[in-house]
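Take a look at the structure set out below.
The chains carry the letters A, B, C and D, assigned in the order they are written, with residues numbered from 1 in each.
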Amino acid sequence: MFLSEAMNQTGTFFHLVPWAVLFPVLGLLINMAFGRRMGEKGVAAVAVTASGLSFVVAVLMWLSLRAQPAGATVPFLSWMTPVHIAWAFRVDTLSVTMMLVVSGVGTLIHLYAVGYMHYDVRYKGDPGRYARFFVFLNLFIAAMMILVTGDSYLMLFVGWEGVGLCSYLLISFWFEYDTKGNLSLANAKAGNKAFIANRIGDFGFLLGMFYMFSVFGTLNFGKVFSEAPTVAQTHPQAILVITLLLLLGVTGKSAQIPLYVWLPDAMAGPTPVSALIHAATMVTAGVYLIARSHVLYDLVPAAQHTVALVGALTALFAATIAVAQNDIKKVLAYSTISQLGFMVAAVGVGAYVAAMFHLIAHAFFKALLFLAAGSVIIALERAHHPLPEEGGHDAHHNDDPPDFDPQDMRFMGGLRKVIPITFWTYLIAGLTLAGIPPLAAFFSKDEIIADTKAAFPLVYWLLVLAAFLTAFYIGRQIFLVFFGKPRSHAAAHAKESPWTMTSVLVVLAALSALGGLLNWPHPYLAEWLGHTLGEVEAAGLNPLVAGTSATIAIVSFLLAWWVYGKRPLQSASQPDPLQRPLGWLFTAMQAKWWVDELYWAVVINPYIALCRIAAAFDVWVIDAIVNDTAWLTDFVGEKIARWQTGFVRNYALSVFVGVLLIFTYLLWR
Amino acid sequence: MDFLMNPLNLMTFFPLVGVAIILLIPRERKDAIRWVAVVTSLVSFFISLWMLSMFHAQNPNFQMVYDKIWMKTGGFEIHYAMGVDGLSILLVLLTTLLTPISIFSAWTAIEDRVKEFTIAFLVMEVGMLGVFLALDLFTFFVFWEFSLVPMYFIIGIWGGPRRTYSAIKFMLYTMVGSVLMLLAILWLGLSQGTFYLPDLLAKGVNLPLHLQSWLFLAFALAFAIKVPMWPLHSWLPDAHVEAPTAGSVILAGVLLKMGTYGFLRFNLSLFPQASVKYAVPIAVLAIIGIIYGAMVAYAQKDFKKLVAYTSVSHLGFVMLGLFALNPLGIEGGILQMINHGLSTGALFLIVGVIYERTHTRDLNAFGGLWKIMPIYGAFSIVVALSSMGLPGLNGFIGEFTILLGAFKSPVLGPVFTIFAATGIILAAVYILVMLQKVFMGPVKEKNLGLKDLNWREITVFAVLTLFIFWIGLHPAPFFNLMGPSVEKLAHGLQAAAVAMH
Amino acid sequence: MVLTNYLLALSAVLFIIGVAGVLVRRNALVIYMAIELMLNAANLAFVAFAAEFGALDGQIAVFFVMTVAAAEVAVGLAILVTIFRTRKSVDIDTLHRLKG
Amino acid sequence: MTFSDFATLLPETALVIWASALLLVDLFIPKNRKGWTAFLAVLGLAAAFGFALAQGRGMGAGFGGMVVSDGFATFLEAMLALSGGLGILLAYDYLKRQGIERGEYYTLLLFSVAGMMLMAKAADLMVLFLAVELLSIPLYVLSAFGRPREAGEEAALKYFLLGAFAAAFLVYGIALTYGATQTTRIAAIAEAVQAGSANLPLLAFGAGLILVGLGFKVAAVPFHMWTPDVYEGAPSPLTGFMAVGAKVAGFAALLRVLVLAFPNLGSQLVPIVWTLALLTMPVGNLAALTQKNIKRMLAYSSIAHAGYMLVAVVAFADAKAAPAAVAAVLFYLAAYALTNFGAWAVVVAVERAEGKGLEIADYAGLGRKHPWLALAMTVFMLSFAGFPPTVGFVGKFYLFRAALAAGYVGLAIVGVLASVVSVYYYMRVVTTMYMREGQAEAYGDAWLKVEVALTALATVFLGIIVAPMFQWAVQAVLKM
């Protein structure tokens, strides 16, 4: 590799940034055209290479930025000429951070999926869809790269909707099944839900852009940010409205209240998708958007407060739901919503570095949690009905109940012995999530909580409470899944996943554990991002806050052990130990506070009814008026023809009447 | 001879050469007839490319003008005049592109009276091109009215069970508006002493506002029915549902654009003050159309009807853009006309593909088709996404520009954009539900044996998809073609708006 | 002058009687006679005006009208005869096959 | 009475002499050779056509101002001579096919044409009356030509009685006009009004009655009721001829009388003509909607077309708009004539013995079995409905232009909306031909086919190359 030759005159690689998008696009085109002929290995090689090359580009950008921290803008192709917006890439420390996370974690997950999907397509009975999966995955990398490298809000929006599309395509990847593998429309509907919820958010984003364009005359980041202070003087309301509209977009993409409802259902997608899109990368786009727009948000405290409050409420709300779920992925899904709430709250109080820090850490540990969960699920699945190539001959020779669900934690238990690598990595990730020092999330979450304490006490208390619940539900999960006795045949006979999967788990576990080093003890990340975000925060380890949160985490985790670990469940049908003490509260949490039902009753069903009414109106009023006009014309014609009686004298009378009328008129005038 | 040396005349009337040849071919030799039709329309397409190569994008005026006096009577002259400018060139290209595509797509779908079918299509092309190119009100009206006839036959002969009803409804409904427009044309010609558009534009229509308004309304009625704008749309679902696939493609792709083009070419250009006066009511109707069309589309059980109602919604966007009365809105409107032609044309082809295989359009009869027909599924998803305005595909470019135009419009404003933008959410709802019902979910047993696309269908979809991506990713060439003409038009409108206030 | 007025009044009365005859009678022959009455009412008017103006052209017009009426009656009677041959009646109320 | 007097009347004179001679010659033509009579009749019409054209822009007044040869008359005479020829072409094969071939058909037709031509030339109300009768009497006879078909006889009697009834109104109107102005000369009437020597109230009544008489001829509502019955009952070729000839002659007289005799009676007469137009268009079109018999449908449609033309006629009193209005009516008459002959030729071709094959439903499948015939019929229907590029469209264009130029916007709106209604029933024929399966048959000899082809081509050709004919019509406008 002749790196020096690839450098341009200024000695950087910035001009190569379009390749971060183009490599995955190339990969998906190849797989789309030849995927069926290349076989699984070929498809996997192309997809992983494409994603990996994208990561290489990101690394090159990182190297270049070290030399020139100011970054660069790389124009690529003219685009929306009427509004003077081109395809142009922006390379700065913020975008490159995101690029590294996206392509890095993305590539790891590509690797994991190589093995995972091999089994998945076979369990679902359509091996032909292997290539399609990697096409979508590459498309996702491309779209995400557009999102994070775009030089304007419009280009960001392209990636924004593009990742939404990939999310939709991958959620409904097994469009003929539900999550348990029964023939159903459920997965397809989950995909629709995700896309539509995102569209509602995008509606706000779009309006925000329109308003922004009409005030600033451009959507280009550089110009908007440089003019923002002036505009804040001339149009004080404008920036507030714009930032709030953007927030609506954020609630859609980053699954905040009130649009979070799609994310739990999004777990219908294959597990690598849940890890990559619905945990590590796409859902953090909202955080990225606000961080990117920090110039605007900093100008309007009211918007910041709203953002912080939304984030904190979401963090707590989702955590309460996570406590009562039985589906291993659903718990993680609500956990993701909750953690995203932390990040959003952080950007809301202006703690952009902390948010980004947590974003990165979360990308590692949450991806790991999902992948490990996927490993658990596959392990149970394989034990439940082994593939023919693995010596399985009779699908149902085990004694699992008919409602067995490989994702339901009540059918697990004791797995730490049969799938040890998965267990250990899961444990690391779980402890990270719980905020146990010195794992990555301890530092990042701690920074967030510390920053909110000064800025917005209400948010601080909400977050503390959420942090308590976080450690509890992850503890509950770990004890339910890995400890105690196996509560099903499959759990007892589970086998460890192949090395393609476990190796990724190990790498991610290492990253989760050591991720804290990014910003502690030396604030590398703060300095790095400071080039873009403008301010370098004081390297934060507030001993008091740190101590408190560490204590909370440990206490909460122990509480989980006390409830679920000390006296493990004996069978799958046994009620949850919290059911009795918490009563209706537990039921409400388990039922997700009936938010879905509320939306159905208040929004969706009325809309469907309205559509039906409109359709009926169209037929019975609008079209009926047209047809009735025609009918009336015909009717009158028939009546007129009826005058023609055939009797001569009537005809003569008609003439005579005509004469009379003429005479009357002449006399009368 | 100089008549045929003009590319516009040559392109417009070349299909008649094909008609003449087809008349000589025995009716049993269906493939020969089809080939002649496809090749003829392709020649017209190449002539249109020739025209494109001679077109100067920086020139906002009419180009390649061919102007001869048709008849000279009493007080004034009626011209036969053709010309092209930035407002029409894209629509001309769309027409010459979609005609061969739709003839090609009907290769196996139409087996009965192939001779008449191809003749109808070629004659139709003459009418459509004439409408977009005519520079004289009389010439325009001749083509406008004439283009009804072949479509009447296409729906009426090769359509579904209620074809005669739909055909006559299509015809009568359209005529109600166009006869009043004829009177308006006459009135305008009489009062201004000419029907020749460049003259009218150069002098400006010199009438008091209330007379302008009446003329504006008469033109608007004709075009609003054609577009169709809410609540004058009810001929559309019937016509679309009954028409054969190729007919639907042309109907949605080109014929509806004749309405929006009419607004652009005549209402906005000739009556700028009246346009300012009526911009708000028309925009309100457009928005009702956007939302209503989307809602009714959602409630349909017939695949084709669903697509038909999406047209009501999409053309609402076009109308909103045009009546934003600023360059942004108008450019978006024009581009969206093209986008709608490509996307909805393709959607109708999608319906046609499955109808040809299963002989049903009931949305509940499908499901999981992506599994058995992956190529079909892939194209369909792209087209559907284009239709719902996914960024990176063509629909978004148009909708974004339109909405932004309306937002910044001197006569409309943010409220219009807010309501119209809900259409983007609702579009996602009906498109996704459509995809879900047809392409997702479990496969029905009777559909298991369905064949994926053949090379002919793949060619058709590939061409359309190419344009869908091209406009979505790099629309600059398209905007450049229309830019100067739109600027000129918007300049006049701006002046009128200033004069009004 | 006075005479003219009387004559015109008579002519009008005759004309109206003729019209009434056409409207109320069912026999085709009688109807035609009523029409003749109307024509003659016109003739009377012509003559009356001619007399008042002292001009000849009005009186000549009468000859035209009478001649034409004669020609008409020839054709009319032929048609009536034909009809009578086929349906043995000249009652026009039986003739209403063509209608609607 | 000099030679020049006859010269002004040459086409009519020649035609009458020729017809009289043919009446005798026909006696010597064997029964199975009646084609000769037809041929000779056409020859006579050709001569009349030639004579009419030879008169060019006109030869001035003749017979002491009772007739006038002007461009207006020339235009109409040429058209009427052609109509006569087309009428004979229409009839020749039909009469043989129906077994009613007699030489008198052609001679009577010639007389009728002579009457029509005279009507175009009449400059005196008495001549007008004579012309009306010369036109009508042969038609009464011809209506019953299908003897002993009851429908034909009924039609003939109805036509005769009502025609005579209307003629009586016409005569009475002439008498009143004479009483009011001391003259029956058309030009002199206007002069008398202008000079103030006319008895205006009396004149208005006279004019009103003349309108009734002529309104009957052109089938204006409410004087239209004879039309459907007669058109349905009469032999189809005759109906085709009558629908054109009688209407052309009627409008010729109407225009000449209104524009030249009563231009100053606008305030009295315009509202009447306006109302006639307003009633005629919708009634004709609406009644045509529900017809199942194609002859009846075309009859109502002819009423409707009379209504469109009346719209332009309303402009007669407006000195500025009148010339264009007259030209528009002339053009429309020509357009109507062409289209009408074509359509009736198809009707004749499809009609079977015993009056079968006249339902619109009988046209089902024509598009498959006889594509060219169906195509021609489509062209005619489109022309009737006013679709470009047919001559019918251009005709309507000019008519409504004339109406707008005179300021009759309301009438024009009613007119165009009524024409939308007409699209429905015209297209129903097309729909039946192409979109219904059936066993339509077509007969007819080469001449009939030639007529169909010629009229179809002309309908389209004159719809595209409009200028020459319209130029002619413009030059043919009435001058004092």
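What we mean here is this: a contact is a pair of C-beta atoms (placed from the backbone, for glycine too) under 8 Å apart; a residue touches a chain by one contact, two chains touch by 3 or more.
What you are looking at is a predicted structure, and each value in this text was computed from that prediction instead of being measured.
A.B. asks: Please find which chain has its CA centre nearest to the centre of all protein CA atoms in view.
C.D. replies: That would be chain B.
A.B. asks: Please compute the C-alpha centroid of subunit B, do the same for subunit C, then give the distance between them in whole Å.
C.D. replies: Chain centres of subunit B and subunit C, defined by C-alpha means, are spaced 64 Å apart.
A.B. asks: Need the CA-centroid distance for the pair subunit A / subunit D, whole Å please.
C.D. replies: Centre separation, subunit A to subunit D: 79 Å.
A.B. asks: Please work out the Cα centroid separation of subunit A and subunit B, and write it as a whole number of Å.
C.D. replies: The mean C-alpha positions of subunit A and subunit B differ by 37 Å.
A.B. asks: Could you tell me the distance, in whole angstrom, between the mean C-alpha positions of subunit B and subunit D?
C.D. replies: 43
A.B. asks: Can you list every residue of subunit A that touches 2 or more other chains, as numbers and ranges?
C.D. replies: Residues 641, 644, 646, 648, 652 of subunit A each touch two or more of the other chains.
A.B. asks: Counting only residues that touch at least 2 other chains, which ones in subunit C make the list?
C.D. replies: Residues 22, 31, 92, 95, 97-100 of subunit C each touch two or more of the other chains.
A.B. asks: Two or more other chains touching the same residue: where does that happen in subunit D?
C.D. replies: 157-158, 161, 165, 169, 228-229, 291 - these are the residues of subunit D that touch more than one other chain.
A.B. asks: So which chains actually touch one another? I want all the pairs, not just one.
C.D. replies: Pairs of chains that touch one another: A-B, A-C, A-D, B-D, C-D.
A.B. asks: Inside the complex, what are the residues of subunit C that reach subunit D?
C.D. replies: 8, 11, 15, 18, 22, 28, 31-32, 35, 38-39, 41-43, 45-46, 48-49, 53, 55, 57-58, 61, 64-65, 68, 71-72, 75-76, 78-80, 82-83, 85-87, 92, 95, 97-100
A.B. asks: Under the definition above, what is the set of subunit C residues touching subunit A in their complex?
C.D. replies: By the definition above, subunit C touches subunit A via 19, 22-24, 26, 31, 92-93, 95-100.
A.B. asks: For the complex, which residues does subunit B have touching subunit D?
C.D. replies: Checking each residue of subunit B against subunit D gives 70-74, 113, 116, 138, 141-143, 145-146, 148-149, 152-153, 156-157, 163-164, 167-168, 171-172, 175-176, 179-180, 182-183, 186-187, 189-190.
A.B. asks: Sort out for me which residues of subunit D touch subunit C in the complex.
C.D. replies: For this pair, the touching residues of subunit D are 126, 129-130, 133, 137, 140-141, 144, 147-148, 150-151, 153-158, 160-161, 164-165, 167-169, 171-172, 174-176, 178-179, 182-184, 228-229, 232-233, 291, 296.
A.B. asks: So in the complex, the part of subunit B that touches subunit A is made up of which residues?
C.D. replies: Answer in residue numbers: 169, 172-173, 231, 233-235, 237-238, 292, 295-296, 298-300, 327-328, 331-332, 368, 370-371, 374, 378, 381, 385, 390-392, 396-397, 400-401, 403-404, 407-408, 414, 417-418, 421-422, 424-425, 428-429, 432-433, 436, 439-443, 473-476, 479-480, 483.
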